[in-house]
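Okay, handing you the structure first.
Letters A, B and C mark the chains in the order given here, with residues in each chain numbered from 1 onward.
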C-alpha cells in the first residue's frame, strides 16, 4: 500500500524524483530554445553593436540603457503602448462580459452565433490590420462612406484618434477570446448560490455584482493577464496601417524595437529597449503575485 | 495517445526536413540565389532569365521573391552570418551607403572596366552617383522610381489649366480642380519615407535642399518652411479629407477611381493607370506624366549588388553584366520594366513597343535632374526622422517652424550616430 | 430552466438585439472581404459599390498560385508546434499542478517568456539556425513559435489539471498501475476537453504569427500570414487577391471553430475557473 506522502517523493534509481522528471522535458526544451537567444540579447544590450558598423563592437555596459531613459521617444512609445493595452483590454473585458452573459442565456441557434462571434480571433492579425486599413480609409473605405451618408465625418487615423482606432481593432479581434474565457467560466459556475440569491429576492444586478463577479474573479484575472501580455506586443496593426504615425502617436514598443533593430540596424539599442520592457513587466507580475499571496493568507 | 503523438511529430519533422536540402546543384551547374522584391519589375527579370540560361546553360538562376520589409530584414540578418545566403541581391538607394561602407557589398569598378562593350556612362547620371560610395561603385542600376506629376489630361483641358511649372501654379491648379467630392491632388503624408519623398519635390521647387554636396543637413531654411507651409495648405484645401496616413496605394486608388485629378508619384504609375484592364478601368488613357514643378525630382532606385561573402562572384557578375547590358535593357523596358539607361529611353523601338515616345522623353528629363532623399551614413534613419516631423506638422501636432527646426536637429544628430 | 434564470420579455428583446448588433459588427468586415474577393481592380477602388458583376479571377490566381503551399506550411508549423507543446507541456503541467513542483513561482515564470519581444529573440534564432544550416526551412519557424506557444499551452494545462481530483491517481496506483501509466490512462482522459481547448488556442497563435515567419522562413516555406502581408507591395496592395488569401486562411479555422466551440468552451471552463 502506498502512502499519500510518498506521491512524488519516492526516490528510485533515477537521479531526480518523479515530479521533477515530469517537468524535465519542459525545462530542457525551454532552456534550449530560450536560453541562448535570451543570453545573446542581454549580452548584446551591453555593447554598442550596429549591423552597418561591424567594427564598432565594444562593451559599453549600461550606456545603452542610460541613453534610452533620457530619450523622449522611448517614453512616448511606452505611454502609447500602455494606453493601447488599457483601452483595448478594458473594452475587451466589458464587451466580452456583456456578450458572454447574453450568450449564456441564449437557447436557439447557439452553435452558429457562438462560432461567428469567435471567428475574428482566427484571422491572422496582419490580415485584420490590412482589412481595417481599407475599411476605415476615408473615401476608399466602406465605413466612412456609410458614416458620411449619415452626415458624420471621423478621421480614424488623426492625431488623437489613431491610437484609439488601433485599440478598437484589437477589441474587434480579441473580444472573442474574452468571450471564450468568460463564457467557459460562466458555464461552469455552481448553481446553488444563484438559487439561494433568488430565494432571498436579490435583484439581478446585485446577484451579478455579489455572486457572479467574485466567483469569476480568477478567470477574469487570467484572461486579462493573457490579453495584456499579448497587447504589449502589438505589432501587426501598427505595421499594416500607421507605421507609428501621425507623428509618433501610434509608435508602440514592439514596432519601435523592430524599427531600431531592422530599420536602423542598431541591434544593441533594440535589445536594451526590449530588456527594459521585460524587467518592467516582471516587476509588475511579481508585485501581482505577492499581492495574490497576501490575499490568500488573509483568507 | 502520447505514442501516436510522438510518431506524428516525427513524421512531420521528417516531412519538413525533406523540403529543405537543395542548395547545391547536383548536375555540375552553378546555382545562383537571387533575392528580389515581389514587384512587376522582378517578374520581368524572372521571364528574361530563360534567355540567359540559353546563353549560359551552366548557370542556374534561383530567384526568391519577397516583400520589401522582408528582403530588408533578411539581408540585415544574413549579413551577420559567416557566409551569405544569397549570391545576388537588390539594394534600395537609402541602404547603399550603409551596406557598402560596412563592407557587405563587393566593389564593382574593376569588373565594370574589364567588361566588353559595357557602356557604364549610359546609365542616367544621378543613378550612377547613388551607387558610388567613397569613390567606388557598389551597385548597377536595376530600375528607377523617380517622381513626376501624374495628372488627368481631360480635366486639365476642361478647366484650361496648364501643367504646373511652379509651386504656386501647382497649388492653384489643385485648388481649381477641387469641387464637391472631387479633389485636386491625392497627397501621401504617411509618416516616414512617404511624406519626405513627396514633400522633397516641394522643397526642391522652393529652392531648398535636404543635404548639400558635402552631405551636411541644410534643412533649417526659409525655403523649407515655405515648402512645408504650402504643402500643408494644399493638403488641407485640395486633398481628400482625413488622408493624413495615405501612402502610395491610397493615392493611386484615389486617382484611378477618378476621385483626385493629380498626384506627385512614381513615373511608372502612368502605364499602369493607362492600362485598359488595370485599376483605372474606363479612365485608362486619360492620364499623363509631367516633370514636377521646378524640374528637380525626388529620386529612388534599385540596384544589383554582389554580397561580399558570396562565392561564385564571376558567375554573378556574368548575370548582372548580361541583364544590365544595353541590349537586354531594351528588352526589359519593352516588357514593361522601368528604364535606367539613356540609350533605351532614346530608342525608337522602345517607344513603339513600350509606352510611347513622350513617356520616355519626359522620364529622361525627370531622371536628368533628380536627387535621392538622403545620402551618406544612416540615410534610412535620417529619412524616417525627417518624415516623422513633417507628418507631425501635417497633423497639427507641431507648427511648421518647430517641425522644420526639429527635423533638421534630429537629422544632424542621426548623421553623427 | 430554473426559476432564477427566467428573464422578462423586455430583457430578452434587449439581449437579442444586442447580440444581433454584435453579429453585424463582426460580419461586416467579412462581407466586405468576400465582396472584394470577386471584384476587378477597377471596382476595388469603388469600395461602396455593392452591385457589380463578380469575376472569379482573384480566386483562380490565388488558388493556382503559392497560397495552397503556404497553407500547408502553416498547417505543418501549427501542428508540430502544438504537438511538441503537448508532449512536453502535459507531464510538466501535471507535475506542477498535482505535486506543486516549483510552487507558485513555476506557474508565473512560465508566463515570463511570453513577454520577451520577438524582435529580440529573432536575431539569435536566425544565427543559430544558420549555424545548423536549417535557415529558411520550417524548423526555425517552428522553434520560434514554440517560444510563445509552449508557455501559454502549459499555463492552460496547469489549470485543467488543477481541477482533477488527486484521489483519482491514488486510486489508479492502488489498482496496480505504474505511476506514469496512471497519469496516461486515468488522469489524461479527464482533461481531454481541456487539452483540446489548449491545442486549438496554441494552434491559432502559431497560425496567426507573422513576425517570426517573416524573417526565419524562406520563399518555399512562407506561411499564410507572410503570404498575405506580401500582397501589400511597393506597387500597391493587391486587394482582390489579398481578400481571397484572407478568406482561405480564415475559413478552415472558422469551420473548425464551428465544430469545436462547445468543447472549447467546456475545456476552457474545466480548469481555468478554479485556478
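One rule holds for everything that comes next: contacts are C-beta pairs under 8 Å (C-beta built on N, C-alpha and C of every residue); 3 or more make two chains touch, one makes a residue touch a chain.
These figures come from a predicted structure and were not determined experimentally.
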Contact-richer chain pair (by C-beta pairs counted) among A-B and A-C: A-C
Remotest chain, chain C as reference, centres from CA atoms: B
Distance from chain B to chain A - Cα centre to Cα centre, in angstrom: 37
Approximate Å spacing (C-alpha centroids) for the pair chain A, chain C: 15
Junction residues of chain A - those touching two or more other chains: 140, 262
Shared-contact residues (touching 2 or more other chains) in chain B: 69, 73, 80, 253-254, 257
Residue list for chain C, restricted to those that touch at least two other chains: 45, 84, 87, 123, 127, 229, 232, 237
Of chain C, residues touching chain A in the complex: 2-5, 7, 15, 18-19, 22-23, 25-30, 32-33, 45, 47-48, 84, 87-89, 91-92, 94-96, 98-99, 101-102, 104, 106, 108, 111-121, 123-125, 127-128, 143, 146-147, 150-152, 154, 159, 169-170, 173-174, 179, 183, 204, 207-211, 224-225, 228-229, 231-232, 237, 239, 242, 245-246, 249-250, 253-254, 256-258, 261-262, 264-270, 272-275
Complex contacts: residues of chain A adjacent to chain C: 1-2, 4, 7-8, 18-20, 22-23, 25-27, 29-30, 33-34, 36-38, 40-41, 95, 98-99, 102-103, 105-106, 111-127, 130-132, 134-135, 140-143, 145-146, 172, 180-181, 183-185, 187-189, 191, 194-195, 197-198, 215-216, 218-219, 222, 225-226, 229, 232-233, 235-236, 240, 253-254, 257-258, 261-262, 267, 270-271, 274-275, 277-278, 281-282, 285-286, 289, 293
Chain A contact footprint on chain B (complex, rising order): 69, 72-73, 76, 79-80, 98-99, 101-103, 190-192, 240-246, 250, 253-254, 257, 259, 377-378, 380-381, 384, 388-389, 391-392, 394-398
Chain C-touching residues of chain B, taken from the complex the two chains share: 1-2, 5-6, 8-9, 12-13, 15-17, 19-20, 37-40, 64-70, 73-74, 77-78, 80-82, 85, 248-249, 252-254, 256-257, 272, 277-282
Chain A residues touching chain B - in the complex, by the definition given at the top: 51-54, 137-140, 144, 153-159, 162, 239, 241-249, 259, 262-265
